[in-house]
Every structure is written in C-alpha cells, then in structure tokens.
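Sharing a structure, written as structure tokens. Questions coming.
Labels run A, B, C, D and E following the written order; every chain starts at residue 1.
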Amino acid sequence: GAGGGGDRVTFLNVLPLETLSFTPELVASAGGHFAREGLDVQFQTTRGSAQAIQTLIAGSALVSRIGDIETMIAVGERNAPLVNVSTMLQQVTVRMVSAASAPIRTPADFAGKTIGLPSQGGTSETTLDLVLARGGVDPASVQRQVVGLAPGVFDLVVQGRIAAYVASLDTSEQLRIQRPEAVIFNPADVIASGAQLYATSRPQLEDPRSRDLMTRYLRGIRSAVNAVLADPSGDQTLATIRSRFDFPILQDTALAKTSLAAYSANWNAAGPQNLMRTDPARWQATYAELSSAGVMPGGLQPDPWFTNELLGS
Amino acid sequence: MEQRGVAKWLPWVSAPVMLVLLVIVWSLVVSVFGISEFVLPPPSAVAASLGELLVDPATWGHVQVTVTEVLSGFAIALVLGVLGGVVLGRIAWLEVAMRPALVAFQVVPKVALIPIFVIWFGFGLTSKVIMAAILAFFPILLNVLLGVRSVDRGHRDVMRGLGATRWSTFRNLELPSTLPYVFAGMEVAIVFSVIGAIVGEYLGGNEGLGFLVVSSLNALDAPALFAVIVLLAAVGSVLFFAVNLAKRLVIPWHESVSEKEFA
Amino acid sequence: MEQRGVAKWLPWVSAPVMLVLLVIVWSLVVSVFGISEFVLPPPSAVAASLGELLVDPATWGHVQVTVTEVLSGFAIALVLGVLGGVVLGRIAWLEVAMRPALVAFQVVPKVALIPIFVIWFGFGLTSKVIMAAILAFFPILLNVLLGVRSVDRGHRDVMRGLGATRWSTFRNLELPSTLPYVFAGMEVAIVFSVIGAIVGEYLGGNEGLGFLVVSSLNALDAPALFAVIVLLAAVGSVLFFAVNLAKRLVIPWHESVSEKEFA
Amino acid sequence: MTEHLLRAARSEAELPQGYDEPATPADTLTPELELAGVDKVYSSRRGTTEALRGIDLRVAAGEFVALVGRSGCGKTTLLRILAGLLPPTGGEVRAGGRPVWRGGRRDEETVSRFGLVFQEPNLFPWFTIEDNVALPLKLRGVDRATRRARAHELCDLVGLGGFEKSLPRELSGGMRQRAAIARALSCDPSVLLMDEPFGALDALTRDRMNLELQSIASTTGATVVFVTHSIPEAVFLADRVVLLSPRPGRIHSVVDVDLARPRELEIDVEPAFRETVRALRTALDEEA
Amino acid sequence: MTEHLLRAARSEAELPQGYDEPATPADTLTPELELAGVDKVYSSRRGTTEALRGIDLRVAAGEFVALVGRSGCGKTTLLRILAGLLPPTGGEVRAGGRPVWRGGRRDEETVSRFGLVFQEPNLFPWFTIEDNVALPLKLRGVDRATRRARAHELCDLVGLGGFEKSLPRELSGGMRQRAAIARALSCDPSVLLMDEPFGALDALTRDRMNLELQSIASTTGATVVFVTHSIPEAVFLADRVVLLSPRPGRIHSVVDVDLARPRELEIDVEPAFRETVRALRTALDEEA
C-alpha cells in the first residue's frame, strides 16, 4: 500500500497484484497518485471474485475490480447490494488458448471439444457460454474440465487432453511469446461482455464518508491512467512500477511493453470519452447477451446497477 | 452398566440438541452481528436450499462420486499406512532415513502437482483419490508407528520365546495391540480423506461435492453453498461414525471402547 | 548402543542421499517421459530459481510470516487439543455428545468460511492462524483421547487409592502416560498446521509462502513455483524435526524413542 | 483345638451392630474398617461372576488382619472394596465410621488416609524409584528436599538403597514390588491395605520385610489388612486371620492369633504358632 | 553335612569342557543347556549394572534345576539369557550343543523348543484364556479343534476349568499366572524355563501345581530350569539347586538333591529333605 498517514482504503484484487492487469493500481500507488488524494490504499488478494463480492458486501473492504458478468449476476439474480462505479477495462480480458495442431479460432470450432477452465461456475465459464451462444453452438456439446491455474496447463492442450483453455490476458501474452504453437482466440471479437469494473457495496456508496473515499480512489486511478496513457513508449510507466514493485514480467521489458499496450488499448476501447466510464449502451448490450444466453433472467432493468456520478465532475 | 446405556442413546439425543443449538446460535449471529446473507445466510434459507438439493437426483450422483473417492483414498492410505508403519516401526534406521522424505511429501502444496496428476492419471477420479490418500496416509502411518513401538515388552518376549515368525508376531501380537492406535489414526484419516477429496475436486474435475461447493461459491449462491456444506458435514460424519463403529466391533477389549468400571 | 549411534548420524547421511536420489529420479522423469518444463521443470532450473529465491530478503519475510502462522496455529491447537482430549477422555458422555459437532467442524470446507473470518478477524495473520489451528486440532484431540483412555488401570488405581485430585492425576499420571500419544498427534499436527497456513494464504492475503505459490502459479513461472515448493518442504521438515526432537527430550522413557534391547 | 481356634464367621455377623447410629471417630468401639453384608458380582459380556457374597467384617483401629484363601477366591476383590476402588454390588462399606460410598460417589477424604500395595507393583515408568516412592508425599504438597530424604530412608528400609535414581524397568520383579511397598509407607498411612506384597520376594528378604512391617504397624498404630498366600506369614503378622472360601467368596472362618508382640522370627518353633498354622491349613484343606 | 551337600561352583567349572568339539544332540554327554563364562552388564543412562559375572552352568537333558537367590541377584537375567531373550555381554550360551547366539543373531530353531513362564503372566488381553493357552499351538499350525481340546485339558490341569472363554482382565492374579503356565506347557516343550511361576499362588494350589509339574517333567522327560524364592519348593522339585549370590550375580553353590522320585508332598518331613533345605537356608544366610 501507499505510505503516509492518509485515509485507509482496502482494495481487493482477485488475483495477485503482481501482474500488469493491475497497472492502474500499481502506478497510482508507486507514482503517489493515491497519496495525493490523501489515501493509504491497502491491497488484499482474495480467491476469486465471489469472495471479493462477499467481502465488499460485508463491508470489510471498500472497492474491488471485478467483471461485469459476475456483477450483473450478483445484482440481477441474487439482488446483491453492489454498484458498478467505473468501468476500467472495456473489453473482455480472458482468452481461449488452443494449439496450432488443432486451432480454435471461431465459436463454431468449440463444438464437441473439451475446454479447460480455471474454476467451475465462474466468469470464465460464463464467457465460454456467451461465446458458444454467439456461435450457435449447443453448450451441452462442449465438455468443461477444471484444470486450475498452473504453468503446465498449456501442455494439457499440447497433449490433446483438452482442446483449449481459458486463460488471462497476461498468460496469453506470455504464451504468445514462450510457446509459438499457441493459438489465441479473443472472445471480444464476438461478445460485448467481459469488461472489468470497480465495484463497491450500495450501503458504502450511500454513506457520505465512504462515498468520498470511493471518489478519491477513482480520481487517484484516473490520474495514474492518464499518466500511463501520456507515456506511449511505456518506459516511464515501467520505471514508476519498478520503483516499488518487482515481479517476473518486469524483467522482460519487451513482453511488459506489449502487455501494457494491450491494456491501454482496452481502457480506451469504448472511446476516450468513455475512459473509466460505463457506457450505458454497452451495459445494456452485456445484459442482453447474458439474458439471451440464459445465464441470467431477462426482463430486468440494469441501469440502476451502475453509476458514473463519482467521476462525473 | 448404566454408562453403557448412556453411550447408546446419548448420540441420538445429543446430535439433535446440538443441531438445534447450532441453528439458534447461527440465527443469532446472523441477526445480532447483522451479517450479510451473502456471507452467512440464515438457517431458514439454507434449509430451503438443502431441501432443493436433496430432491435433486444429480446431488446424489455427486455424493456418490465424493464418497467413492474418499473411500478409495482412505483404503489405499490404510493399507500403505499400516504396512509402512509396521515396516518402519520395526526397522528403526529405515524410519530415520525415510522421515525427511515423508514429511516433505506431506507439506508439498498439491495444487502445484495437479497438471502432473492430470498428465499421469487423467481427469477422472484417480487424482482425487490420490489427494485423499495422501492426506489420510500420514496420520495412519504415524499412529501405527507409535503403536508398533508401544507393544508391551513382556508380550514381545512371549512371541520371541516361542520363536514366532515375523508374520505370526504381526498377526497375533502387533496387529491386535496396534489396532487401537490404527483406529485413532483412522478416525483422523477418514476426516482428512474427505478434506483431500474435496480439495481435489476444487482443483480439477466437474463432479462431486467439492465441485458443488466451488460452483455455488462462484454463483454467489450462499444458501446453496451452505446447504452443500451441511451435506458434506453429514457425509463426513457418517463416514467417521462408520470407522468409529468398526472400532467398537473390532477391538472390544480395548479401554478406549469399553465402559469404565465406574465413573 | 550401536543402534543409538546409527540413529544419530543416519539422518545426516540419509537426507542428502534421498535428495540426490530424488534429483536423479526427477531428472529421469523429466527426460524419459518427456515432460514439459512447464509441468515439471528440470532440477537444474529449479535449483537456479531456488538460489534467486534464497538471496532475496523478501523471501525470508514470507518464510517468517508462514512460520509465525504455523507455530501460532499449532500452539493453539495443542492447548485446545490436549485440554479437550483430557476433558472428553474423562467425561465419556460429553465426548459422545460432542463428536458429531467436532467431525462436522473438521469436514466443513474452510474456503466457505473465509469471508466470515475476514469479517471477524480481518485480513491479517489471524485467519491463517485459525486455519492452521483447525487442521492441527483434530489429530491432537483424537490422540490425546486415545492416550487418556489407554492409561494403565493399575496406575489409575494407584492415584485413586491415594485420593489424588483431578489435577494431580493429570499432572503425575495422565500427562506423562499420554505424552507419547500427544507427540504422535503433534507430529501429524505440525504437518497439517503447515498445510492449513498455506491454504489460508492461498485464499487471501499478500504474504507467506502460500502467497508465493499462488503468485508464481499466476506468473506461469514453473521453476519459481517448484523452488517455493522445495522451500516449503524444507520449512515443513524443520518444524517436524523440531517436534520430533522435543519428543526425544521430553519422553526419554518411552519405547517409541528409546533404543531396542536388540534389533 | 481347631474348634477352639476357629470362630465361625456367623458369630462375627452376630456382633452387636451399630451401623445406623452415627459414632464419633474417637469412640474406640467404632471399627476402623467395616464391611456389612457386602456382595460383589462382576458382569462381563460372557456372563456374571459372583466374587463375594455376604461379607461381614469389622477391623478395629490398630488391628492387624490377614486375609488368606485359595487363588481366585476374592481376596483382591475384598481389598479393593475396602480401599474404595471398587463399588460393592450390595452391602455397606465404612471407614472410620463413615460410609466409603455415598450414592455412587467415593468419600475421598476417608480414602486418602490409606496406604495401598497392589498385587502388581504399578510403578510409574516415567518416574525414578525415588520419585515413585515419594509420590504420595508429592500429592500432599511436601517439599522436594523432605521428599527426597524420606524416599532414601524408605529405599534403605526395603533394601533398595543405591537404586533411588533407577527407572522401574531397570529393577528386578522383587525390587519393583519392594518399591511399591515403600511408596505405600511413605505418607505414614493410618490404614495399610496390602495385596500379597511379599509374594515376589525370597525367603530372607521376606523375613526381613515381615519384621519391618510388624514394627511399622506397632510404632505407628496403623490398621493393616494384609492379603497373603502364606499361612505362616499370616500367623506371624496378624492379630486375626480371616479365611475366605471360594466361589462365591465367603468368610469361612476367623482365627485369633494369641501370640505376644513383638514376635521374633524364631516364633515359628513355638507350639502356639505351629498349632495355629496347622489349624488354618486344615481349615483351608477341608474347605477345598 | 553342609559341606557334603554343597559342591562349590568351582568344581562345576572344572568339569571337562568340550565346547569346541561339535557334539551330536544324541550324545548324552552333551548338556541340553550350557552357559560358559557368561557375563551380563546392563547399561542405562544412569550407568551400568553388573547383573551376572562368570556364570558356568550345564544342565543335562531331562534334568530339573532350580535357581534360588535373593531378590535382584540375577535369576531372571540368567533365565532370559538361557531363553535367548537377552544376549550376554560375555561368554557362550548353548542349547542342544548349538550356540544360541551367532554373531548377534538368535538361533530361532533351538529356541522354539522352549516353553517359557515369565515372572509376569504376559497374557494377551485380546485373546480369551483358551486362545492364550493355545497360542504356541497356533504358531505351530495346529488346527482349531485340536487347539481347543488341548487348551481345555490344560485349563483343567491348572484349575482354570470354566474360565476358558474369559478375558485375562477378568481373572485374579494367581489365575493369570496359572494360565501362563498352561500356555508354556501347551506345546509339550522339551525345555521348560520358568521364572517364579508359582509365586502368586496359595499354598494348596501351589502344592498341586508342584505335583503336576513333577509328573509333567518326568513323563515328558523335559529339561527344566525353575526360578523360585521358596527353598522347600526348590528342594521338592529339583535334581539340583543352584544358589546365586547377588551383585554381581555369581553361582554361590550347587546342591544335589538326592531324593527318590516321584516325591510326595509328605516328603517334607523326611530328614534328607529337611537337611537339604536347612543347608540351603544357611548358605543363603551366610552369603548375605
């Protein structure tokens, strides 16, 4: 977390913080953007987004960055008191990785295959379902197999035990470099869902004090994001991150820059005017996608589930 | 006499009483601490979910898968643990030599080994059975070791005086005198087999109660999650009491099962 | 005599020998089965990673965190397990009444309880300590129970004949005669404490060796992952042998530690 | 002669009984130990064994009673009931006028004045001989130095001098039994209940122990109930010898030993001694 | 008289020794059991105890030798060395002419002809009395029915008829010891090594057991080494009585008992018997 005696805020990262997926947080922390907002941000790693949502609702943390899919399901289907306060990544960040020997490049290619998932019933499975629905593939024809997260999972693909597996953007970037035989399918080509957003609980949003913290948090992130976007080469950004953090991908400057570029593009994928905003149209589209795929009930009104007010000024 | 009577009917009274107590405390915790239903749903919601779960035939399939894994893993652990314990208990230098390896093997995080398991054993039951066996093995082994070492010297002299073979000594002396230890180890082990199988199911596969835990967790369906947990606790308890019953049948002579002369 | 000598130097020889054997088998497995270095990296790569890990001061911070969690959880489990075991061992009806609850408590998947832990105990060490304590508690409890029940009748008569108080009986009879069982339980328990703390670290938090496992998993850094595993195995073994050493010091009279009259 | 010596158990039972009147411990008419109509039935899964039936016995304070009888006739059972280690299935047990059993619970206070020697040594393997011997003192909170001194004294008394620091498993069978005797004596009990304490000893050691026990009993004024399978030993030591007959255990006869104290080992040549021994032998034989 | 009866241990050691020549078991000159210069030093963390020093003893086939001595003098140690349960720290042990110890390993074949009775009953608590008694037969692969029949026979012999189905903990101390005796007899051993087997028995039972043991030994021709602390018992049963003196255990003297067999219980009034007993008592006293 950031040093100094600012107001304490707990951010829940659903993966270890040490990936470039968390560039905004890393830069905001290392570059003093949080400190300038008078915040002392604590990062806590949780196991998956379900746990993060539970922790937010319980009030043990202020904010987390989770997917739009699980947010909609939580709010729409379970009536969870959760609010999307800012969309950070506008496009899906998971990738389906297959091998060149039996590549998967379109939704139709999934038919009749066994697909590896990091865990059962989570976002990655929903993403798969959405892709299948888009391609008109019968979901029942696709075998799902939990394979977890481990460096060796791609070898299960190479061996033909699974046809493809769902991996993070970072992982797929790494595989693209380390394993030339990897074929990467980007679901964003066919679906709208899969964005990542900052969420907090409704009671915290309604409490003026925590609402203020939330606002300052987002401002700190926005200032960090602007700094990153102002540095297209990425050198300055990496230097800032390295000043405080040390993890493997930082050692590989080329890979790190590719990843950074991919993330920056994602932040702006809905247009610069929608940077860190939730585009109501996309939000509706995501809901439509989910409900038509049968992942959640239809006929709901998703607009109250997000707000752009905090960064509105 | 009276003691024994009490031991007979008490569990049938105490278990429901404890259950009622648990439900009361649970309800109180939920309402007094104001815990969100997403974290800890009220007992009523869990009960409703449990009802749905129990009428769903798929649930019983999952139960069957988990029980199969647990029992297979437990059986493997039992055989290896008893054999290993007896051999190491007798050959002290081998035990000293093997300990570091055994301990290291136990503490290795199994999550890292999943791809190896999958490559070698596939996605089926095998890797979960192995997980269950690994966790159950150690308590049995160490207890058997203790048991073999604790065999009464006088009793050992009797067998040695009779020039008994290793096998007869095992059969007539070491096995019966180690059985109380084996059973204590087994009671720990059956519980750890359940944990092992469940963890195995978290990490891979799409069957079993562990799978149900993860999928209801990911679906943020807390009542279903807790219903699965209740089911799991029930399955675990049934397995535990099966081992406990076996103990009572197999070693009626031991103090740990026979009633006291007086309280 | 000779036996004892052997027991003294053997681990110092056997451990390295086993290590060398392990490395050879490992290298062979990697090359013969043609296992991908992402699934099982060759020992050389792991050794290199381990070297880096060991010179990084941050690593020792993680080790310290994990060891603190393990030892605290273990200590709690030891105290509660011994007390619980002694009380339940004496009051048979209470044990019968409590068993279902104890068993159910053990098999409940802890992953479901993490949010509750976080609410009550925060993100710090506490929830991992509790995890370690929960896993370690059961083997100690059941072994103490067995030990208390196995106290020699004749010895018990001596204490009863002297009109000894409960506390004196515990102090002079039950504790020393149960100690071999307690130690067998402790040997299992220390290993399970390590597992508990590691699992707790997987589930949340940014510190400890469990966290290092997760972060190297996410970084797809197989050599680093296996290096952490090696470190973990080393830490677990050190803790185990500390318990083992304590046993040798505390209960020198017991057969399970004293050398045999002859082999 | 036999008739003269043998007083039927019946007459014992006909003594005026004051069980229901509370008696002060100072009252010399109150027996130190009292069994009234005691029955003991062991039940196991294979059925029941009637170990004792209708035992009436009163032992006065300072009296030395020996219990003899065939192997398996119930001597140990009787002693354990006296010691409060085993609840009788019927009848009353009193010590110092107070019931030992009150509604299924033992009166700990009464019992803690007893010193017990069991048929097995029952030494604690984790204590040295010294610590085993001093255990009763430890339970009474006596300080370490005093305990040590007393333990050494007692080890010398039973011929274990030099083995104070040994562990029980380093002792021979007879040495262990002697350590158990020393333990029973360590807290100067006012009641000594001994179950074949000298069974594992050679004649010489046994003679010495007999003399010691006699002098201990007379100097401390302790009440002693002593199980033995040696009739001469019983006669040498006891004021009264109680003969149990087996299956179920009943009091066959009670023999008073009218020999002056202190008795020397050479007493075994005296006619009164020989006569008593012979009478008991005959009684034991005919009962069989 | 004492001189006449006591043959110094020295003379025993001076007997022509043929240890190095291999002797056929049929050779009657080959002793069944043989100890040559046996030493035993126990070492524990508190130091060493010299339990036996320079023991030379030869027991002929069919001979009945009794071992007497003070408590702790090394009788049990000697018997355990003979039984191959304890390796001596020095000297040679032979049974049937073959060394019992060969390079730290026991010769199992020799040893399996032995029947042992220990100072403690050492019954297995998980077996019934019947199964305990028949254990040696079970180890020899005798079928169930035969085992049962033999166990019942032996239980009757030692007075445990009716307790065949009981568990050891349901028996009295003396009954357990008798069950252990029955176990030792069950496989008709050619060598019987008994450590105070009758120590826990009353006089009557003991007399009966003495008679039984005498008749078993003479009908089966078994070689017996019998530890006891009763000198009359030793004289009644034995062909030779070996007296050990303590710390370290050495053979003090060996007494031949020249009494005709079978011996009746009434032999105790015969002058030769009394004289032998007296001589041994004196020897034991003076050695102390």
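By definition in this document, a contact is a pair of C-beta atoms (placed from the backbone, for glycine too) under 8 Å apart; a residue touches a chain by one contact, two chains touch by 3 or more.
If you're wondering where the values come from, they're calculated on a predicted model, not measured in any experiment.
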{"item": "Contact-graph distance - origin chain B, target chain C", "value": "1"}
{"item": "Highest C-beta pair count, chain pair", "value": "B-C"}
{"item": "Centre-of-Cα separation between chain E and chain B, whole angstrom", "value": "50"}
{"item": "Chain centre separation (chain A, chain B; CA means) in Å", "value": "39"}
{"item": "CA centroid of chain D to CA centroid of chain E, Å", "value": "31"}
{"item": "Centre-of-Cα separation between chain E and chain A, whole angstrom", "value": "85"}
{"item": "Residue numbers of chain B (touch at least two other chains)", "value": "35, 39, 111-112, 115-116, 119, 153, 202, 217, 263"}
{"item": "Contacts with 2+ other chains: residues of chain A", "value": "51, 54, 58, 150-152, 155"}
{"item": "Multi-partner residues of chain E (at least 2 other chains)", "value": "120, 167, 169"}
{"item": "For the chain B and chain E complex, residues of the former touching the latter", "value": "152, 154-155, 157-158, 160-165, 168, 172-173, 176-177, 251, 253"}
{"item": "Chain D partner contacts - residues on chain E that touch it in the complex", "value": "42, 44, 46, 49, 68-72, 75-77, 119-120, 159, 165-167, 170-175, 178, 196, 199-206, 229-231, 281, 284-285, 288"}
{"item": "Residues of chain A defined as touching chain C within the complex", "value": "10, 15-19, 42-47, 51, 54-55, 58-60, 149-152, 154-155, 158, 168, 170-171, 174-175, 178, 247-249"}
{"item": "For the chain C and chain B complex, residues of the former touching the latter", "value": "3, 6-7, 10-11, 14-15, 17-18, 22, 35, 39-40, 92-93, 96-101, 103-109, 111-112, 115-116, 119, 138-139, 142-143, 145-146, 149-151, 153, 180-181, 184, 187-188, 191-192, 194-195, 198-199, 202, 210, 213, 217, 225-226, 229, 232-237, 240-241, 244, 254-256, 259-260, 263"}
{"item": "Residue ranges of chain D in contact with chain C within the complex", "value": "80, 83-85, 106, 108-109, 111-112, 114, 116, 118, 120, 122, 124-126, 135-136, 138-139, 167, 183"}
